[in-house]
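See structure below.
We call the chains A, B, C, D and E, going by the order they appear; numbering starts again at 1 in every chain.
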Amino acid sequence: MSVNKIPVGPFHPLLEEAEYFELKVDGETVVDIDLEIGWMHRGHEFISESKTFTQSIFLVERICGICSTSHPLALVHAVEDIDNIEIPLRARYIRTLIGELERIHSHLLWIGLAGHFIGYDTLWMWAWKYREPILQMFEMITGNRNHYGMMRVGGVARDVDPVIIPKLLEDLDIVDQKMVMIAGAAKDDPVLRSRLKNVGILTHQAAVDLCAVGPTARASGIAIDVRKDDPTDAYDLVEFNMIVQKNGDVYDKLVVRVLETLESTKIVRQCLEKLKVVKGPILNDVKEVSEGEGIGRYEAPRGEVFHYIRSDGTNRPIRHKVRAPSYVNIPTYVASCKGIPVADALITLAAVDPCYCCTERTIQLIDANRNPVAVDLLKLSREKTEQVRREIHD
Amino acid sequence: MQEIDQFKERMDGKISHLIDKKRRFYFNVESENLREVAEYLFKNLGCRLSTATAMEMMHGIEILYHFSLDRAGQYFCPRVVITDKEHPKVPSITSIIGGAVWIEREMFDLWGIEFDGHPRMEELLTLHHPQGLKQPMRFGRTE
Amino acid sequence: MGWYKRRLAKSLWVFHVSGSPCNNCDIEILDLLTPKYDLERFGIKLVGSIRHADVLLVTGVFNQKVAPKIRKIYEQAPKPIFVVGVGTCMSGACCFRDSYNIVEDRQAVIPVDLYIPGCPPKPEAMIAAVAKLLGVLNARN
Amino acid sequence: MTRWLFYLLVFPGFLFTTILGLLIVWVDRKVSARVQFRQGPPLFQNFNDIFKLFGKETMIVKESARTVFVSAPIFAFGMIVLLATIVGLAAINRIGFAGDIIVVMYLMMIFSVAVILGGGSSGNVYSSLGAGREIKLLLADELVFILVCLIPIIQSGYKLRIDEILVAQESGVFIGSISGAIGFILGLLCIQAKMTLPPFHIPEAETEIVEGPFMEYSGPLLAFWKLSQGMMYVIYPALLVILFLGGFKWTGIGILYSVLKYLLIVVLMILIKNTNPRIRIDTALNFFWRIAAPICLIGVVLSVWGL
Amino acid sequence: MINLLVLFIVVPLTISVINLFFPVVIRKGLTFLSSVFLLFLCYQVYLKSPADFLMYDRLVFSIDKLGFFTLIFSQALSFIILIFSLKGVDKEIQSSFFILFPMTVAFCNGAILAVHSIVLMIFWGLTGITLYLFALLGRTKDTPKTAKKTFIIVGGSDVFLILGLLLIGFLEPSSKMTLWNVHLALSGELAITAFFCLLIASFAKAGGFPFHTWVPDFCQDSPIESAALLPASLDKLLGIYLLARMVTSLYVVTPVIYLVLITLGALTVITAVMMAMIQHNGRKLLGYHAVSQVGYMIMGVGSGNIVAYVGGLFHLINHTIYKSTLFLTLGSVEKKTGTGNLDDMGGLAKKMPLTFVAALIGALSISGIPPLNGFFSKWLVYQGMFEVIAGSSKGIQVWLLVCLVLAVFGSALTLASFMKFLHAIYLGKRPKSLDHVTEAPANQLVATLSLALICIVFGLLAMPLPLNKLIFPILTQSGLAIPEFFGLYDPMLIFWLFGSAFLVGLLIYFATRRVRLDENYLGGMESEEKFRIVGTAFYNEIRQMSPLRSIYNWAERKYFDCYDMLSKVAFGLAHFFSSMHRGLLQMYSLWIVFGFLIMLIIAVVIR
């Protein structure tokens, strides 16, 4: 038997980020697989220790661009956990609203990319076309497409303008309608089904042993969801179902994500309806954080985000631990990728919706006064462009 | 919470410094009892190992394991304190929990904590690092 | 050569290099290809192999591990090749400036022709920048 | 001699097929874009792409067998030009020779040979993997393609010349019979696979093996591959039109019919392309050998009895 | 006047005997001289008309056009293989090799020239013995087993040959045991039995299904020069020569037999090529192809159509040419790298460019790529097949169409397995251990390149050279009409058109290129030795496909190998009987009673 090795990465069109897999193959069958990470490691946890809690929020947002509100949410949960800080009801709904909108956009993103990975560009384009209204809703609510900066310890930073709520609901209806269509297209397409069914199976036992979380675990029949198990924010006030499938193959992971998106639109609608009614403050001003430790968790689109904060009573943490969902989901490849063809192995690797930025976080925050200013950057950019142009003219 | 009471009863004498907050339960455990505690939490209680946090304190290096009891939304956090800062060494729990491989590798990588019985004690994030970055999270690393 | 540059400006094949970003710029770059922004209108296409590329879109702060690889990628690209730095990270290292693991002088790793600041840059900004790049190419006539 | 050079380089051959092919690729990209709610590229996009590639650097791998690496795409290009000339002459000028259909069938395999030689010579692991997939895909579709080609041969009374097959269709196109319809549908799938279009773009799967055999190619050499692929867009559907739809006519309303027949096949191919994910190589083998081949064999048997 | 034909046998045989007493260098020289002399002799024979030979020893040796056709190629091939063997044969076997070589040529010539049945039997048997001796020269651990297997299959088939020839002599006493102009009608059990006896002999010699199993083993274990000489060239020539004799001069064949032959041909093509695809050993792969190509010849010669007959004969010589090319290039590679395992090779195209070119041409030719010679002969066979099909009834049409599809698909499979062969040896990433490899020595290059050149020439000038000069005379002599296909498929036209298109491409490339050298692009990783794909694993998917998987597994357990199955049965029976001999008197008496009963029952039934 001849065994050869295929490198996947660091730059490979399969995954947008830099990572490096080494597939040991016999012909086209993957015999063994090894992963080397560290290409994204930026040292978040180290920077974080020099930041105030409020500054940290902006830093942890930049752990990952896709789940860019999950990390701040988990962080503020962790800080609130130290002193058991209560937050206003309206803020709770707004947090849930943002979180669920993000889940929709993240799942749509994965569905699209999964389509791209198996060479189904139409699915990609369709999914991303309907992801765009969600980003627009974000822009209406928070003023930015990504990196919203909405979370604060004790509440949220920005209120949802009641004027835009009807418009948001209207947009949501369209998205909902299209989601049903995409769900139908993705679930019932026989070719897609034959391509993904029984591919890269992660058994229930392996998922338990490898401590998988989120849709990866739920597709393998483990019914865990932080939103149900340890409800924070408004999750105990809204109605939704937990989606659990049995087989743990790529197809089930797809189904879990598609159905969860529909549940999320349900939650978003409930939140928006409530926001019409519930009035009140959106931020409990938290003056200081006492000594102690706190754990914050939030169900990000990829699974449980875990933040641990240890405070010594000052306004900065002495230890800030971040554990992103991909960090425990990616190692499941050892259980699901062996003995299957290369083509299947690659889609299986992509099926946990890996986010290496999250995995290799260890963020370190920077002082606020050293934060780069946008105007400077624009100037820099312009100068550079001019410089290039001058070079060209010469 | 009956699980916590059960656990306290079962592990009586092996755990100390109990902090029982709402849905969070912190306690200290000696490194020789760590595997027993982990096995009980993982196998008997059906907890999931969420992650482990290493931190360098004045009195030594602490490793705080986070076990999540998902059906109750409860966190069990055994804390292991290692006083030997130069050569920190702890028994590995990879043989009990498969998911601990990366978690322990990362702690070895960033703090230099060695895990006895780990199948592949190798750097996780700074493997083949061109500048040879070693244990960046330890104090006195550069300054 | 003027004729050729015009052809080049109308057919830019883009290769995406990710040097320790937060993933957001990468997703926004992909977003550019999708129905709402559709860069294919300008003849811009995402390619998988560096050998086919005309433009490298670089994102991120470059940690020390990935920097040599990015250099290698740049050297392996067939000339003429243009490098576009997307995001604040590329131009100013964003909030990662104090980390122990990033490269200070990114210009030394890969000579950037054009920066697009923003965290992440809005797709419209990127289209504007691409249009500028086309202008630059046309200006080389 | 001059006449043959004209055939080769201008009319059914090089220039005509190239220009038409690049326009058809534009149709492909445009229709795909419309299916995906996009605008799509401008009309002369592919010409710009090709001209641009001719001005780029050619990267050649130091360790590779350089001569093979360089000559493989040109070899493929030459073969496609030759194929275009033979098919075009038979379809339009009605100049054929005995057994030209067998020659065409065998010439079609050369493209895969060139892809494998070019991919293999670079020494790249992805290219090798892609070369392996290319040859497996060839095996998968070849069996069915032989059977598909047999159906018109049998229906025309064992004529082995393209022009005689066309003459035999003047009383009624072969797609009108049951076996002809079976042959046409499976032929469409075979052509999809021969052109490595989705769902059969297994050898050059971008997100798996990074364009496979074409991965190391750049500049003019890549342009030759792209040109060849563009020209395949002209030849292969045209072959299907010849075998099952009665070929092309250049008089009166016939022109419109000819263009419509051709576009019908192209649009069908684009639709198949855009509504299916890439399948695995073993699925492709299973599909062609165990599902398509028996069905096509039934078609052959039916055509023997003139159905 | 000395009989020229006798010289064909006497000269090499004498050289072989003389060689016994001289050192290796002189052996080589003498063998070479004799080979040159025989070639010259061939030319002399060509100048004379067949009638000239009728007066000499008509009953022992004679020559007609078919014989001459076979003779000239056996001389030419053995000459080129001799050039290859002049340098590079293993030191240990060199001395015996140059004794066996002329001997083989002599016996083979004897079999071709024999006109009397008894003479044919003798020489036929003798070639089998030299085959066995060559097999014994092998240096692998399986050599004795392979040699035994070869001897039993080929020698066993000799028995059938003798039986068949004797039966013909008995049925047609007027022929006086000659082989020419018998034209026996195929009716009656004895005639048919004789036909099938001869068929077995010819199939076993040429390696047709199901008597092919010795060929791959022989190719794997014996010296590679002998593999190129015997199973690839001389044995093919002999076997198909006999088949051609059978269908043209020995018998008047009925359509049913043609159907059987075509089916057997198609089966040979497809079974052998499917086995070839999954081989990991280069020689074994070529060995299976040596079998599969026989299928086309059987189809062609045995289809009863004149075009296909021409195609079959043409395919015979084409096969000997390109298969020798492939064996010899593999030989060069093996001698340089020291291994025959495809897994350990790769990327040799840069180190052995000329050998690669020869191998490439051979591979393209065997896969039937126009305008090379392999395509021309296959094309003739297909065309003939179509004529046969067009003239049959509908049910038979379907049957023949399936055979035809298998044959056409067989050549796609051939292409596939040769792409794997080429990729595994010459393309892909080169392992470090092969960095020292250099180009093959001059004599080997001369041999392989000249063979490759013949491939091209026979492909392009198929009509004027081999067909007009050698094959059409056979037809006229047998009283058959020369088929009407002039001015049809023109390889020269294809060649010129393709050449011009290629030239245009080259011009464009040279006008626009700006070359820079670089290492492999692997997503930013260094190009390391471990990142390589060997070609051998290409067809794992096909091997794993059900139901092919079980068939392959059976084949690897030798369920389809008649020799192995028979030997198993024989050993099983022997074991059974030996276990019965316990030495107990009661048991023996029981046996006697039992046997007596059986005889009684038989006697009763017969009455």
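Quick note on the criterion: a residue touches a chain if its C-beta (ideal position, glycine included) is under 8 Å from a C-beta of that chain, and two chains touch if they have at least 3 such contacts.
Bear in mind the structure is a predicted one, so any value in this text is a computation, not a measurement.
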| item | value |
| --- | --- |
| Touching chain C and also chain E, the following chains | A, D |
| Chains touching both chain C and chain D, listed by label | A, E |
| Farthest chain relative to chain C (centres taken as mean CA coordinates) | E |
| Higher-contact pair (C-beta pairs counted), A-C versus A-D | A-C |
| Chain nearest the overall C-alpha centroid of the shown protein atoms | D |
| Chain whose Cα centroid lies at the greatest distance from that of chain B | E |
| Distance from the mean Cα position of chain E to that of chain B, given in whole angstrom | 70 |
| Gap in Å, rounded to a whole number, between the CA centres of chain B and chain A | 25 |
| Where chain D and chain E are represented by their mean Cα positions, the distance between them in whole Å | 35 |
| Centre-to-centre distance between chain D and chain B (centres being mean Cα positions), rounded to whole Å | 60 |
| Multi-partner residues of chain A (at least 2 other chains) | 4-7, 10-13, 18, 27-28, 38, 41, 43, 46, 125, 129, 341 |
| Where chain D touches two or more other chains at once, by residue number | 36-38, 55-59, 125-126, 129, 132, 206-207, 210, 215-216, 219, 281-282 |
| Shared interface positions of chain B, touching two or more other chains | 126, 128-129, 136 |
| Which chain pairs touch, all of them | A-B, A-C, A-D, A-E, B-C, C-D, C-E, D-E |
| Residues of chain C that touch chain A when the two form their complex | 16-28, 30-31, 34-36, 48, 50, 60-61, 63, 65-66, 69, 73, 88, 91-102, 112-120, 122, 132, 136, 139-140 |
| Touching residues (chain side chain A, partner chain E) in the complex | 2, 4-12, 18, 20, 25-29, 341 |
| Chain D-facing residues of chain E, complex | 347, 349-350, 353, 356, 360, 364, 367-370, 375, 379, 382-383, 386-387, 389-390, 394, 397-398, 401-402, 404-405, 408-409, 411-413, 415-416, 419-420, 422-423, 426-430, 485, 487-490, 493-494, 496-502, 504-506, 508-509, 512-523, 527, 531-533, 535, 537-539, 541-542, 544-545 |
| Residues on chain D engaged by chain E in the complex (per definition of touch) | 4-5, 8-9, 13-14, 54-68, 70-71, 73-75, 77-79, 81-82, 85, 97-100, 102-103, 105-107, 109-110, 113, 116-117, 120-126, 128-129, 131-132, 135-136, 138-139, 142-143, 146-147, 150, 153-154, 157-158, 160, 210, 215-216, 219-221, 224, 281-282, 285-286, 289, 297, 300-301, 304-305 |
| Residues of chain A defined as touching chain C within the complex | 10-11, 13, 16-18, 38-44, 46-47, 50, 58-59, 62-66, 68, 109, 112-113, 124-125, 128-129, 131-132, 145-147, 355, 357, 363-367, 370-372, 374, 376-378, 380-381, 384-385, 388-389, 392-393 |
